[in-house]
Structure formats: C-alpha cells, structure tokens
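Let me begin by handing over the structure; questions about it come next.
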Amino acid sequence: MGEDCTEIAVEVRELTRTFGVRKALDRVSFDLPKGAFLSIFGPNGAGKTTLVHVLTTLTAPSSGTATICGLDVVEGAVELRSRIGLISHNPLLYPDLSALENLEFFADMYGVQDAADRVRELLVAVELDHRRLDLVRTFSRGMLQRLSIARALLHHPDVLFLDEPYSGLDPHAMEIFDSLIAQIREDHTFVMISHDLSKGLELCSHALILARGKVVLSEARSEIDEERFVATYRSTVGTGVS
Amino acid sequence: MSTAAEKPRSLSWRQFRAILRKDIVMELRTKEMVTSMGIYALLTMVVYQVALSQASEAFDPREIASGLLWLAFIFTSMLGLNRSLVHEKDQGCLEALLLSPVDRPVIFFAKAIGNLVFLGIVEMLTIPIFAFLFLQGSGYAGDWWMIPLVLAAGSLGIAGVGTLLATMSVNTKGKDFVLAVLMVPLMYPLLLAAVSATTTAVLGGADATTPFWQAMALIAGYDGIMLVASYGLYEFVVGA
Amino acid sequence: MKQLKIALVLLLIGGVLTTVAFFMAFFTAEVQRFGTVKLDEPVTYQNEAGETITSAFPFQIVTQETTAAPSAEASGAASVDTTGTASAETTVAAPQFEYGKPWFSQKIFYFHVPVAEASFLVLLLSAYFGIRFLTTRRKEYDTKSRIAMETALVFVVLTMITGVLWTKASWNQWWDWEPRLTTYFIMMLLMVAYFVLRNSSEDEERRAVYAGAFAVIAAIDAPISFFITRLLPSNHPVVFKSGMATSNLLPFIVAQIGMLMIGYAIYVVRMHEERMRERLEVVKDALED
C-alpha cells in the first residue's frame, strides 16, 4: 500500500475545474491535517459538490492537484478509492437487497477480507443486526442513514466524506447519526458539505466557505469569530450561479 | 489499515461476480425485467397476428419469421436494458459503485453479461411461443444448433452495445425514447445479418451453408468491433 | 472576422467549382451508362454498330412499353426484362438503348457522389473531435465535434435528396430499400439520434461526453453498415470498379473539391458563430461579478 496518513490527510493546491467558460472550481487550495473535521459551506452552485467529486476521484480536475493520504486523485485514483468513504443524503443502497446483502455486495466491491465478520460487526455497531434480512426498501430514513454509515466504513477508510448527511433526517435520527459519528470521530478525517451553519460549525475543526468556485474563507474552528463567519456566509448567498 | 491486499486480478473477478450476482438476486426477487420483457414479447405476438391476419393461405410464414422474431427481441431488449440501468441510478448506487476501487470495464462486462442472461431467458421463452403460434406445420430445414448460435451471437451484440447506450440514456430526459433512437440505427447492420442468418437456417436448402456462415461472419465482425468500441467508450460514459 | 472572410471566399470558390463541374458534366463529359451491378463479370454485348463491347457496366435495359419491344423482337434478341442482368453469362444481342428519359439523370452523379463522400469525411471529423474531447475534456472540441456533425447532417440530407431524385429517374420509383440507400438513411438516423441525445441531456458536460462517445460509435457503425450492405446483393451503381473516362473524372474531381470547400466553409462559419456566442457568455459572466 501507499503512504500512510500521518500528518496531512487532504492537500489541495490551486485546484481548478472548468468547462468552457464556467469555472466550477477556481484555484482552490487548502490543507487538512489528519483527524480533522472540515465543514464546507456555500450557496448552491458554489462548487461544493464538484470539490467533493474531484476529491473522491469521480471528476478529474482541469488543473492543479489534490492528494488524499499522499495519493493523487488522478494518478492514484484506484488505490485512493479504497481509502475513502462517502455518506451522502442519497443512501446509495439497493432497495431490493437486504441490509446484509447490500453490505456483502459492497464488501466484495472493496475486496474486504473476512467479509462476513466485518459485515456482522458493523451491523451490530449501527444497531441493525435484528433487521439484517429485511429488504432495504422497508427501512426508514434514519435506518437507511445508519446502514449507509456501515457501508461507508466497511473497508476501514481513512477519510470520510459527508454530503449533506442531515437532509431528510428527523431530530431523533439526527441524534443517533451524531452519536455514531462521534464514535468514529477519533479514527477518521472528515470532509462535510453542509447547508446547516450551526450543525456544521458544531462538529467541525476547520471550516471553509466556497462561493462561485473560489475559497472565500478558510479557518480553523478555534480562530473563527462566529458573528463574522455568519456575516461572510450570508454575503455569499445569492452570488451562486442559479 | 488497507484491505485491498488482494491481487488486482482476483479482486476484479470478485467484483465482477458480485455485480452479476447482485443483478440476478435482485431480478429473482422482483422478477421485474423478465416479466415486463416477457409480457411485452407476448403483446408483440398479438400485434403480429393482426399484421398477418390478411395474408393469403399460400403465404409461407417462415420467410418472415426470423425478421419478426428479431424485431421482438430488439424491442424487448430495450425494455430490459433500460430497467437494468435504472436500478443502478435509482438511489445513486452507480455513484457508490464508481467510488469503490473497481476498474470501469468490470462494471461494463458485469452489466453486459447480466443483460445477456436476461435477454437469453426472454428469447428462450419467446421462441417456443412464437413457433407454437405462427409456425405450426412448418418445417425447420437447418441443423439444430444454427438458431442458438445466431441468437447467442446477436444477443451478445445487443447486450454489449445496449449496455453502453443504456448507461447514457438513463441519464437523459425521456430514457426509453432516447435509448430507442440511439439503439435502432446502431443495431441495423447486426439485425440485417442476424435476420439473414436466421432465415437461411430456417429455410435451409442445398446451398444454405455458405450464406449462413457469411452472415455469421458479419455478425461476428460487428460484435468484435462494436464490443471493443463500447468497452473503450464505457469508462468515459459511466463516469460522466 | 478574418476567418469569416476566408469562409466566405471558400464558399464562393466552392460554389463556382461546383457550378463549373455541373456545366462540364453536361457539355464535356461522356455519358456513362451506369446500370445495375449485380455482376462481378463484365458483360459482353453488341452495340448498334454491331461491335462487340465488353463492359463493367452492365446495362439496365429499359424496354419501352410499346416501341422498344417489337424492335427487340425484330432484331432477334432474347426477350430481356428489366432485371435481365441477373446472370453473369447474359449476352445481349443488339440491345435497345432506348432510355425512357434523356440520360440527364446520370448528371446528378457529379453532385450526389461528392456530397456523399464529403458527408462521410465530415462524420469522421466529428468522431475525431469527439475522441479529442473525451481525452482532453476541453469544451472547444465538443463544439467542433457538434458543428462537424451538423455539417455532416446537411450533407447526408443532400445525399438523400439527390439519391431519391436519381432513383426516381433511373428506377422509376422514389424509394427503394436498396442497401446503399438504406445505409445513408441509417446514417441520417444516427445523426438525428446524436442531436436527440444532446438535447435530452441536461448537464452541459455530461451532454458533451455522451455526444462525443456517440459520435465515435456512430462513425464506427456507419462503415460497418456500408460494408455489410456491400456484401449483400445490391442494385446501386458501383462507380470505381473500372474507373472513369478522363472527361468524366475531371468534373467529378472539380465537384468533389468544390463540395469539400463548401463543407469547410459551413463549418468555419458555424464555428465562428459559436465562438462569438461563447465570448458573449464570458462578457455576461463578467458583468454579473
């Protein structure tokens, strides 16, 4: 395997993503130390999703570089994919398979060894072991989200991406979700996209505001003056490309 | 930390089997594709009956039988192809697949083979029904293996190119329509050769062997070239 | 603006060349009697003067309903129907070259074939830009690929129109599911499908990727269609089997060059328009900031 995630988990340098005259990302640069929790804020069309797509190797950058755990998102793409996990607002699970089958399927895709044990262990951890044989289409939104955490953790990723994980969750499900994240908070680096300022700021150790593809603000949580931060965020809303 | 210690080849094989197994398990559970394709094929038979209802007594149905059959296959296949990709698209599962350390061609082959299997099942159901309804009393002149051979070669082309096209059309407005618009003209040479081969097999005759193999060679050529092209283009298309 | 001027000059020259070729076709070119080509063997026949001629262009002998038939009998010829070229051994004694209409229908050849060839070249160009786009992901290649496909579509439609006119004049029917005609019909459908695909994808980049991939696979499919239909029996004239007379080749080449110039001019003009549009968008974006 490649380099270990020792110091810097995510390193982004002058990352630009253009198509024609549209600049989805415009010279984005930032570093994220290992174990950090980065919240990315910004209005719709600010480039948040594009940034996560580039970091998760789904989209290639037009110029600039990005590395995760020392692996380049272009050259080391295949290896990098086994080091990251994604929890999205979409469950990314097959509704016509049972919880167990879903996890077994993704364990195969990631080449997880001793898959049966690992799957069982995670099902217990997200408290879905009793429903493991039920079809995923019968699950509630909160259960889906828990199962998708299990899916994302199957292959022991170093970096977890959260794409609006709270949308559609009721307060109770949110609580469970938060407690699960808190359990794995120590061992992973997080990158989260969020609309929800208070939620995002509560969890994060670093925050970043994107607007029109550019980094407007990038600070560690400790340096953030909340009032100024909120004002900056507000000023970006409405500048988004519709 | 890492779990991807397996050799890349055996991992790809494991991923291939996983995707194929998942598609088959889901199909066995919902029976969505095979039932919808099967019913569609039956409906086509009814329409054929209407179309042929005014034909004269002397008319030999064997002359157009293979054409009608392939027409049924091409349209039912589109139904199945579309469904098979809609499954992936529904909950963003395709994104999850692309996020895993899988080589894109593995996805292509697994989906194409899955589609081939389902298409094969529908063909095996359709042919006896078609023969029962339209070809009673007509003889079959060729060797027994000729029809399965044409079917296998033709379906391979449909499944391969169709998987590429369905991956595109599933992301467009009006999925089914776009798939039909893309697929029919691209399939034209294959259909022409397949109908020609099937007809020679059905009608037989003393000098049927040469045109049969000629048509088979054309199908093989089409399959070879178009599958390589689809395989090459899939990586771009699936990630878009 | 410079490019636009070049395009207009090309359009002018191309137009003049095509017109010149057109006149040459009428006044200097020999009449070639293209007929059906079901045969690989040349046909031997005797012309009116009684000379024995071996030709790679077997005639489609048009028996005129009332006048031609008796004279054919009178000269002791075997009765030949319109499909009488089916056998390679046919030896037609004193055939009647009484074509129902003046042989002008053949003149369309100088327009039809160059357009058909140009359409195919432009399709290949589109596929080439499609590949360039897929590997570089630069939008300009997508635009080029699309414009090339537009030009190809224009040419294919022209081919179809001229082809149908010719079919009517020579075979006395507007349309025949003759393999080569069908191939062009399929090509036209492929190009229409290309634009359907473009119009139904919403995301700009995804649309470009799909279009590029489809342009490539369409350009691969078209020659396969061509090839497969060639291997099946066909009624379409095959021109270059035995070459052409110089007086015919000359207008043909002139027309071909003219047509390619016109094609390129269309392409350049459309590209220019697209560039202007893109520049407009940059300006709009800048104003928004």
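A, B and C are the chain letters, set down in written order, and residue numbers restart from 1 in every chain.
The working rule: a residue touches a chain if its C-beta (ideal position, glycine included) is under 8 Å from a C-beta of that chain, and two chains touch if they have at least 3 such contacts.
Model, not experiment: these values are computed from the prediction.
If you draw each protein chain as a dot and join the dots that touch, every dot ends up joined to every other dot. Closest to the middle of the protein, by Cα centroid, lies chain B. A count of C-beta contacts for the chain pairs A-C and A-B puts A-B on top. Set against the C-alpha centre of chain B, every other chain centre is closer than that of A. Per-chain Cα centroids separate chain B from chain C by 32 Å. Each chain gets a centre from the mean of its Cα atoms; for chain A and chain C, those two points are 55 Å apart.
Our note on geometry: chain A versus chain B, Cα centroid distance of 38 Å, whole angstroms. Shared interface positions of chain C, i.e. residues touching 2 or more other chains, are given as 205.
Along chain B, no residue makes contact with two or more other chains. Those residues of chain A lying in contact with chain C across their complex are 19-22, 60, 62, 212. Interface of chain B with chain A (complex): residues 1-6, 11, 14-15, 17-19, 21-22, 25-26, 29-30, 87, 90-93, 95-103, 239.
Contacts from chain B toward chain C in the complex involve residues 161, 164, 168-169, 171-174, 178, 181-182, 184-186, 188-189, 192-193, 196, 214, 218, 221-222, 225-226, 229-230, 233, 236-237, 240.
Of all the residues in chain C, the ones that touch chain B in their complex are 134, 182, 186, 189-190, 192-193, 196-197, 200-203, 205-206, 209-210, 212-214, 216-218, 220-221, 224-225, 227-229, 231-232. Interface of chain C with chain A (complex): residues 137, 139, 204-205, 208, 278, 281-282, 285, 289.
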